[in-house]
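Quick one: the structure is below, and I'll ask about it shortly.
Chain lettering (A, B, C and D) follows the sequence in which the chains are written, and residue indices restart at 1 in each chain.
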């Protein structure tokens, strides 16, 4: 019943798929490995953690909770792109060091955002995966810079980027020699205002049809509401997503950033169990977390 | 883990929910019954059938196939709102009579669109459920007219209607005394062009939180691509939808209307089996078709 | 420098322009005459009046003010399409009679909205021009009905309608034999929230290039802010619009509908003088109001 | 009739205007001077030139034509943000040197884009004004970097940016100490496809109401069609814009980038004459080009 991976990309007329990301250029979907965790066509990867690294305590408590709940990878922003210059801008390099400490303690690999070409080399030396955020999806010099690294990249779709532009942005990275790219749908901007963005779940089958890269979904930014995260997380997996990235905070009401869309550790535990059922229903499984070395 | 129905509608600030549709006005989610089939919080209803009634043969063959595949209700347009005046405009009253014949033969209740206040009384006498289409979601005299009938109404979201406008449109119907309304998310218009519309799956949890009416999803119009229907159908159920409405044609490549987004009967059979698994994973079940009287 | 009317519609690829409205089907732009006032390629027509007819006094005072300020045609809604069923729905037939009285007193021809096929014949007997509103732009049975009348039609662009869909809607009217159609751009729905809609001024040159019908602009609905009406009115004329439709109320702060976007009679007088200068700058003039018979 | 500059920003509820850019923080609109040319509340500035610097000959011929036509400032991209990695990426530093040669020959000050924090110091030493392009409007480290320079900045609105986000981006620059910022509306992304973007002319009065910075308009990117540039350029000036930035190429059909939206020198000459008339009609004038030193 399900279309296979190479069904027919050409049925989406008018969308130019560049060569290196195209599903026509590979025999099978790609697997991307970050810190020992593999994103790909079989297992489903759950990345979780706070929007921003705020303090040592906040990060370590949340990281332990992610670990306990079954999350396989830790997210946390050290360099934060904030709409207002007067909002918390992140802890910078200190945040990266705290992420490393959390990895040390939990064994969870870490993914964190780079916003500037000048940060890329430093972050590459410390993180397991580099995130390029929505606002920088068409920051081409940044894409080229991460394309020159030997680290996997989590590329988030711009909030008003077409699928074609998203694939072109990924192509910039592959074209520099770095083929370790995971795509992330995180909601697009529409006229609707009850949700922060409109999570474009249909981007999952479209992207998986057109390209060979793994595709994950961010239901936290995609909805902007903590209580909607479970429904949309399940929808994403049912639609064929290869993973999720979730905002988790040990005290969402005190978060310096995006608390209203962060679930707490108990909710994460419950959600993991729900996700496991949906994964089974679509013939997949949840990746096992690494045991701490 | 899952929010219950009355969790807290007020968390969506700035959205005015009118009184009669509001989840605050009822103790429990509503059940709407059309031709013996109940839409509501437990069972999931699958409506299927051709975009347009084209001929006796086409309709009867498709209706039998829908029946065999396990669909519980037959859809088919007799009065068709077409963007161009030069495209097939539907068979009109003759189409309604063919739908009745198909119901007679299969036992499936029928739902069909009304486009004009002058058609409402006639269609009400023959169909089991009246559909108000996307383009007429803010045709307020039509809403009032169907509000005065004793037939259940399937109200489709306008392709650029906010959630608030959608709820206000339903309120027009309830306000006339007809409380038998099922809401249908069918894709909104965005900048993205690889899909015909952007199916707003997040509308499912939002609507179910704000109002007490059943909510179903149309992945055929929502995507515009036959091969995407299964993924998005599963996503809708995983997100909590109470049903689906699917375009099915016995020969999609020959359809006079929307063939590119119609699945064929074999695909419907496969999809029903996939949907059953997802329904189980979210603690629900598929409604059993009525046995022909 | 300016492109002439038939420059090259084909430069807008991918937009199907139906036959009867196409600029390729006529030697010159059409002129549409309503109550003795001509919309066309030379003179610019200013329609003004309240959003809704609220009372005899309100309408007559406003109509006299429109007349004094130099407006050539009176607008006013008797049948009102309101988002909420609990808001003022218009005076109905009584409103039409008040419009006739205002015409009697001022000599200004009247344009008013029809929302339902059942109202069309009645309104046609009394008004000089029939308006089809945004929410009904794809109400095809209504379009066909006004297409069978001998009255000119003011067709407003749907807030979600593409240029192609707008032209197709006009084609429905022409195809029934009524070629007296004026198109009206009134703002489209986008992500931007500082304005009620985004007034798509570029629709003016696009429409005038693709079709032969007159094109006017509604800066009141297009912006939703009284103080922005003058800037956008001037922009519309500078871009080549053939007229404007403006919401004017003698006491905007007391209006039952859309007071925040209505200018008062003094502002209209000032705006007429500004518009006259822009018209001259683009080689056009303001149509003279009819003297009362 | 016209609102004055400080009419009432508070009428746009829900839009947070940050302190330094707010019209409430200044007694009068700001004047920004780049290479001797002043952007501000009286004179209108016309910037023109090719999308990309392609070659010495192309740039010098176009620059001379811009000078002859009455343009006051030369634009040209040396570092080009292109959607596809396989399209012409600009001449880089060599392009900057050619722009300097064109300035030397014509006396026109030059504005050119910076895409990367690492380019900012170099470009600041050579150009008269730094452009931050649409795709980098929320590249906050770049905004901070140009905020630390002593050069004026031309900040283009992101194609997906709300007015509030646009003002916040400008605030990032002012907050670093650089108050010489000119805002540029260049079209937003909507569902409409006959134009490349939807030029949001209403952003002109909104921005001029909310902030004290000069506002110019780019009708070339805003429409994507050469033949629409004149209409929309006139509309922008009529709406109150303080200037225009236009793509001009001596042979548009041979341009390496954006030829379909570039006017030629003869069209620029005609347009300057049309713009002059509109400027007069709104009580303004066209800034005189500097005489070559």
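Going forward, a residue touches a chain if its C-beta (ideal position, glycine included) is under 8 Å from a C-beta of that chain, and two chains touch if they have at least 3 such contacts.
Quick caveat, the model's predicted, so the values are computed rather than measured.
Q: Where the contacts of chain C and chain D overlap, which chains show up?
A: Touching chain C and chain D alike, sorted by label: A, B.
Q: If you tally the C-beta contacts, which comes out ahead, B-D or A-D?
A: A-D
Q: Based only on mean CA positions, could you tell me how far chain A sits from chain D in angstrom?
A: Centre-to-centre distance between chain A and chain D: 35 Å.
Q: Centre to centre, by mean C-alpha position, how many angstrom separate chain B and chain D?
A: Computed value for the inter-centroid distance: 48 Å.
Q: Using mean CA coordinates as chain centres, what's the gap between chain A and chain B in Å?
A: Between these chains, centre-to-centre, one finds 33 Å.
Q: Among the residues of chain A, pick out those that touch two or more other chains and give their numbers.
A: Residues 160, 164, 189-191, 193.
Q: Would you mind writing out the residues of chain C in touch with chain B in their complex?
A: Residue list for chain C touching chain B: 16, 18, 81-86, 115-118, 135-136, 138-142, 159-160, 164-165, 168, 171-172, 175, 189.
Q: Which residues of chain D touch chain C once you look at their complex with the stated criterion?
A: 1-3, 7-8, 11-12, 14-15, 160, 162-164, 188, 190-195, 198-206, 209, 222-223, 225, 227-228, 230-232, 234-240, 267, 270-271, 273-274, 277-278, 280-282
Q: Where on chain B does chain D make contact in their complex?
A: On the chain B side, the touching residues are 160, 189-191, 193.
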